[in-house]
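Chain IDs A, B, C and D follow the sequence of writing; residue 1 opens each chain.
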Amino acid sequence: MNPLQVELPGLKLKNPIMPASGCFGFGREYSEFYDLNKLGAIMMKAATGEARFGNQTPRVAETASGMLNAIGLQNPGVEKIMEREVPFLATYNTPIIANIAGSTLEEYEYVAETFNQTDQVSALELNISCPNVKEGGIQFGTDPAMAARVTERVKKASNLPVYVKLSPNVTDIMAMAKAVEAAGADGLSMINTLTGMQIHLPSKRPLLANKTGGLSGPAIKPVAIRMIYEVRQQVSLPIIGMGGITTAEDVLEFLLAGANAVAIGTANFQNPFVCPEIIEDLPAVLKRYGFASIDEVVGKGVLA
Amino acid sequence: MRKIELVVKQLTEIAKETYEMVLENSFVSMTAIAGQFLHLQIEGHILRRPISIASVDPKSQTVTIIFKVNGPGTKHLAGYQPNSTLNALGPAGNGFNLEIDDKTVLLIGGGIGVPPLYHLGKKLIEKEKNIISILGFQSKDYVFYEKEFQQLGKTYIVTNDGSYGESGFVTDMLGEVEDFDSYYSCGPIPMLQAVSQKLVHKNGFISLEERMGCGVGACFACVIPSDTEAGYRKICKDGPVFHHQEVSL
Amino acid sequence: MNPLQVELPGLKLKNPIMPASGCFGFGREYSEFYDLNKLGAIMMKAATGEARFGNQTPRVAETASGMLNAIGLQNPGVEKIMEREVPFLATYNTPIIANIAGSTLEEYEYVAETFNQTDQVSALELNISCPNVKEGGIQFGTDPAMAARVTERVKKASNLPVYVKLSPNVTDIMAMAKAVEAAGADGLSMINTLTGMQIHLPSKRPLLANKTGGLSGPAIKPVAIRMIYEVRQQVSLPIIGMGGITTAEDVLEFLLAGANAVAIGTANFQNPFVCPEIIEDLPAVLKRYGFASIDEVVGKGVLA
Amino acid sequence: MRKIELVVKQLTEIAKETYEMVLENSFVSMTAIAGQFLHLQIEGHILRRPISIASVDPKSQTVTIIFKVNGPGTKHLAGYQPNSTLNALGPAGNGFNLEIDDKTVLLIGGGIGVPPLYHLGKKLIEKEKNIISILGFQSKDYVFYEKEFQQLGKTYIVTNDGSYGESGFVTDMLGEVEDFDSYYSCGPIPMLQAVSQKLVHKNGFISLEERMGCGVGACFACVIPSDTEAGYRKICKDGPVFHHQEVSL
């Protein structure tokens, strides 16, 4: 048996490593660096009902051990993604997770329904937490009742398992997790970015054209670990963990905290090979800390 | 494009806050097209830094970059010692289109937009073009590569404060220079806007700068609006060089 | 006129730089490195009604560009602080700000009243946000109504201006700021630490004995800047800004975002001289960006 | 204690994952008391790392530290090249009490607790004490400074796996050694607990380790319960050395 394999609702993963949504486009660019078959799964960039151009530039800034981004959900719209991107990724033997976003409940439903038309997508990741969308997107992610409503509606609209991606910008992450669990979520994905800002001294103005952006990278790892650990105490849904992972040791830390698999975002920009390298390092790191398989690790830090 | 290691062979301060760094890497020295860049990893920094290739020498298997200390990343880069190694993604981006029919070419560079034009100029000379250059700098202390460009052809230096060469902006010189057929320009966006407006009827290529995340086309950090179906182009992958009509500055 | 001077309710500061509460003890240790007269003000370590031993060790951990701490408000109690620490600090010509904490409204009142007995303390910093106290302290900092209540009670109990220290671990920082403004706060102090965790791989358990700790240092600076900028839009109270400051440029960034003065915490541990060094660098940095005084800078990033 | 710069003069791997580093700084070489530590700043790390002073040489103005690669900080430290500089706060902490009347002294060190005992041993020799040492290590590969301690007096090596010297823990040897009057011990807390329990009727000093923030007594990260009025002592400032009855392990 493959010691790295992980089974989650709708997802049979050969390993627990997948690139995080928005940090890997639709896979084409990184497919020039390595064989995407190596990955546990691939989380596509967010899909919305119509094409979006996103925010003005500059859209990224560097921070201490992190970065801010305010891409603003730029994407060609769910139909073009179905037409042009999914078929490319489907040539790989790696499950595809579609990240879906919207400004209204109807848009979320529409995007979810559109993904029913293919059997090449294995699961949905419900992005209720993108801090860069202005029209109300943010409320879905910070109010438990709203989060539950969008989860319910998407669950009804979709044939696929739904992983709800939680925002860390909340007072009570447990309330959010419980609300979407009760609303029928099949899993959680956490965490999205923390809302941050940088001021550009020469211009005296916020550096990002959108003013605020989402903070990601190693800087936020302690917040991610805390939230996953907290949620794992009382919620039994599988968790795809993310936030600042750069090494196989980090992966182990997330799994011990309660994640069942992990996603890697910002680290791809520093090292395009980070995902396959972590996959390669994992067996030795598991062994060093006394584990024979991923299954053995999950939640050990919480339950032991 | 690949992920590569380059060895620092030489680092020289060639003007105020401006460094020329010679890097050894046979792959880049043999494959880089003028206008492409290296997406450099600098220790302790989350994001890579895009720096243009200023020239290559396949014989010594080296590639030269020229950068200005602009913030913590480039400051750190200026501290790399000979024989240390640098990790880069590259050669990245598309590079300049060299297949033009025109005979006389104008190069218009501003500040740290000057370096890629040097690589380009050397290639255009190989294609037997006549080259005229207008290079703009803040002030006298910041001027670099004047002699190098003079070897390519007639070269005008402009400084904002008039402390060297002509006084003003590169665009002030556009009416002064000999007739030319097409132009290549690299520099800050306001300069490129002015240039492409003044030269709207010429055949022109511009090289753009934008803050980058991935540098490979995956993150959508570096888009610029365009009239294409998608409505945008990515500077890191579709650029940094565009035909001036291809993008909306 | 001294270009660095700043006037805030109850505080005439010769410069806008002060060590943050909990990162400077009661000043004795750092007084061996430099003359505390150089400082704009000094924020003392938290005072509670009775002496507290705090949490078990380990109490600190390193993270990427940050650290976690779970000291747990260890302090000798407000009376001993009045007796032994305030007189020492009062030998300096630098205003003293007393950070006050408690588990109950009554404890907060008691601590505030006790500080009325001296005229050597210039202001109170109301710590409603320490994430390391279990008995309910945390609720004061994350619920606007609770925050308003404790602010009102302390305002009534005290003769001193009250700066309320806000926690970043909330969905809506603006709601918190407005609630304490309405309750009579004289100023805000923000931000306290983000709640985080680190798992110790060999033991598979949270590294800190308290499990979670407060994340501070450069890692959190973008969150601090965002929150100060946001609050500055609609709240006119003076703000003492903090979170990851290590340089005079960082100070300028906080002032542009809307802070009126700043405090420096974690950076003292790396460089005991960080406060006087920043004070020395400030005039040149102001000048480089076109400012003649601190007064000129405040809020320029927001209002310009 | 001051904030000081030290110059790396020499770095030697003296056992598995264990490095001896000689640092030049006249102030520390002249003022450090055995048992004190340096709170070292390592580039790229937020928190300083406390490392004991293993010996000093005022003549060459050097101070020697010995450290084991334990995590990213010490790994990074092992990569510092000769002539690079290290910033430290130090000499920090109180150091061992050398004013004892007893004649025969037992040193009990475990792993990275061994280094400060060497500095101490040299000082005790100057005071004409008889020294017996018990040094515990994980296994043969990790043993260091055996010869150095033998020059101070009779030395017993214990390894957990029995691959060198005696097999077991340092406490297993306590009944085996010659009679002694007082002891000094440094090592992991469980070892110090066992030692101070077994030797409860002896005059003993122990040196403690705890994760530190400031290293100067300001942050309360490193407290240990004690029977004092305050109820605690700070390891960085009141320690790291305590009389074994002074703290509650």
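For the reader, a short list of remarks on this structure follows.
Operating definition for what follows: contacts are C-beta pairs under 8 Å (C-beta built on N, C-alpha and C of every residue); 3 or more make two chains touch, one makes a residue touch a chain.
For reference, the UniProt names are A, C = Dihydroorotate dehydrogenase; B, D = Dihydroorotate dehydrogenase B (NAD(+)), electron transfer subunit.
On a predicted model such as this, the values are computed, not experimentally measured, just so you know.
Under the touch definition stated at the top, chain C and chain D share no contacting partner at all. Comparing the centres of all chains, each the average of its CA atoms, the largest separation from chain D belongs to B. We define each chain's centre as the mean of its Cα atoms; on that basis chain A and chain C are separated by 34 Å.
In this assembly, the C-alpha centroid of chain B lies 46 Å from the C-alpha centroid of chain C. Rounded to a whole number, the gap between the C-alpha centres of chain B and chain D is 56 angstrom. Counting only residues that touch two or more partner chains, chain B has none.
Residue positions 63, 65-66, 217-218 of chain A are each in touch with at least two other chains.
By the touch rule above, chain D contacts chain C in their complex via residues 1, 3, 41, 45-48, 73, 89, 210-225, 230-232, 237. Partner chain C is touched in their complex by these residues of chain A: 63-66, 68, 142, 169-172, 194-199, 201-202, 204-206, 211-212, 215, 217-223, 225-226, 229, 244, 249, 252-253, 256-257, 289, 300-301, 304. Listed in rising order, the residues of chain A touching chain B in the complex are 22-25, 28-30, 32-33, 45, 51, 53-54, 57-63, 65-67, 69, 71, 74, 76, 217-218, 266, 268-273.
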